[in-house]
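Naming follows writing order (A, B and C), and every chain is counted from residue 1.
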Amino acid sequence: MTATVQPRRHHRVTPDSHDYPTRSYDLVKEFVIALVVMTGLSLVLAGIFSSPDDPSITMSDWATNAPADVVATAVGELAGTTTSATYGAPYNHASEGQSVLGLKLQKWGGVGNPVDSADLVLRPLRQENGNPLTKAALAQWDSLTPEQQTAAATAYADALAKAPDGDPAQVAKGDYGPLPALAFSFLRLAKSGGLEGSLTSSGDFYGGDATRSMLLLSDGAYLEDAAVADRLGGDQWGMMNEVGNYPGQPWMWLYTFWYQVKPFSTSENADAQVWMLMMGLTLLLMCLPWIPVLRDIPRWIPLHRLVWREHYRRRVG
Amino acid sequence: MDSVFSAGKYFTWGVVSISATNLLIIVLMVVVFVLALVVPFPHGQPDPPPVRAAGDDPHEEGQP
Amino acid sequence: MTAVSPPPERTWTAAFKDRMSRTLPADQVLPDRQPAYVASWIYVFGVLTLAGLLVVVASGVVLSVGGSAWWHTSGLGHFVNSVHLWSTELFFACMVIHLWGKFWMAAWRGHRGLTWVTGVVAFVTSIGTAFTGYLSQTNFDSQWISGEAKDGINSIGIGGFMNVLNPAQMLMWHIVLLPLAVGVITVLHILMVRRHGVVPPLGDEEASS
């Protein structure tokens, strides 16, 4: 009677590294040399190539260089049609936002940073005391019902879009209520240089949070036009790039790659989808030691034979 | 709108677009990686066996 | 009849010391010998990454003396910013080459899976640290990057908590929270390498039945 033969399971057991012959190796000296090398290289590269410092776009820059864009953006905030006005969480409830695999992550995050897009225009105007034109326009705006406000803003926005170069001075005659006056006051405030302050500090002495200024600026075309001219746009591999010829972020190549190809390049949920994909790939990388096939690639493509060639030679000989 | 800023030099093949600087960095990294694998590393041999002090080992050379 | 004194109570200090000694014996923390197979230039990229990290931190410390807007108006400040940028590029380059080497050596073998995991976590956390750094430049770059990045962060529902449009928050993540995280993970990673030793060559495995 024979015993049942169990199938042999071959487990590779990696030997203990402490069982090998050793030789002297000065770790501290190696570290000091590494520190000298990295410090030296950093200083030399910094000295030769420096670093970019393109100045921020101020509201005054925006108003001076692209006044039609400022006006169109301001009217869009009042009409509720800008990107921020229709964004959804964390700023408002205007949209459900992005979802991935049926998970409405953006909505579930909640409105944790509420911003009223109309207030991006109205609050600075209200804080600007003393200007009779502004006060009258605001009074007229406040006297309208919300439906009337939206209708007037939408009508003026449409008229601006039809005007040559979006120039407010060439808008077709019509009844746009207080919109032209509000837009004009806002443009003047922006040109004066006071807009960031009233958006960032919002009545307090100390600012620090640029959310409102950035949302307003991002609602216009000026910032994006500047970025696209610098190859920093989302569909230009922009996440990897830097202004001019400066080094960018080469390590972001895979993250930005997905935005360049379908289905992500045409998807409304691209951000959430790419994020989930990259989380999955990162998890894959992290769990590599336990993933069959992937963890065997180093055995199939034996670059390691170069690393340990002396060792293999000694073992054979 | 006139852009104050200007983009650097870029290479484009189909959907791929990469700055000259980034491409150079990546190429250099690959070159350095290959060099690290092939360039010989000094002191690759295990140390020779230590020389024992006299009297420790009866099989030591020089002992009667 | 003599009274028997109770055994001395083991102090927390003694217990902690014993635990540490068992986990990482003193002669393994900083050995002056290595296995003979540690003989390739690929092995220096770990310590180069560590050294790069220290240059990044040191240049960051100098920048913190002047404050986040110092480098716009000071020539010295701009140079230190350049050192911070280039040491970051070198840090990432060495870390990735280190990753390539460790992959092709299958360095996770021999119970070194956690070493690999901490390495990947260090990589990802470093990317997050660099990202908040780009947000803290107080110039056109940080305007554009924050405007774009907010869409990614908001899309997964954490925008109310991590507001990339708020430089006051992002700067503190960059100089306090994330460097601490990178530091702790790096220390764990290195201690694990010391504990397990450098992985033996592929092909030296014994098959066990």
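Heads up, the rule we're going with is that a contact is a pair of C-beta atoms (placed from the backbone, for glycine too) under 8 Å apart; a residue touches a chain by one contact, two chains touch by 3 or more.
From a predicted model like this one, the values you see are computed outputs, not experimental measurements.
Chain centres here are C-alpha means, and the one lying farthest from chain C is A.
Between the interfaces A-C and B-C, more contacting C-beta pairs are found at A-C.
Centroids built from CA atoms put chain B at 35 Å from chain A.
Chain A and chain C have Cα centroids lying 24 Å from one another.
Chain C has its Cα centroid 20 Å from the Cα centroid of chain B.
Chain contacts: chain C has residues 36, 39-40, 42, 44, 89, 96, 101, 140 touching two or more partner chains. Contact with two or more other chains is made by residues 5, 25, 37, 43-46 of chain B. Touching of two or more other chains is recorded for residues 21-24, 54, 226, 242-243, 247, 250, 303, 306-307, 310, 314 of chain A. Only residues 8-18, 20-28, 30-31, 34-35, 37-39, 41-43, 45-47, 49-57, 87, 89-90, 97-98, 105-113, 208-211, 214-215, 217-218, 223, 226-227, 232, 234, 238-239, 242-243, 247, 249-252, 269, 271-272, 274-276, 282, 285-290, 295, 297-299, 301-304, 306-308, 310-312, 314-315 of chain A touch chain C when the two sit together in their complex.
Listing the residues of chain C that touch chain B in their complex gives 36, 39-45, 89, 93, 96-97, 100-101, 140. Residues of chain B that touch chain C in their complex: 5, 25, 28-29, 32-33, 35-37, 39, 41, 43-46.
On the chain C side of its complex with chain A, the touching residues are 30-40, 42, 44, 47-48, 50-52, 54-55, 59, 71-72, 78-79, 81-87, 89-92, 94, 96, 101, 103-106, 108-113, 116-117, 120-121, 124, 127, 130, 134, 137-144, 146-148, 150-152, 154-161, 163, 165-169, 196-209.
Those residues of chain B that touch chain A in the shared complex are 1-10, 15-22, 25-26, 37-38, 43-47.
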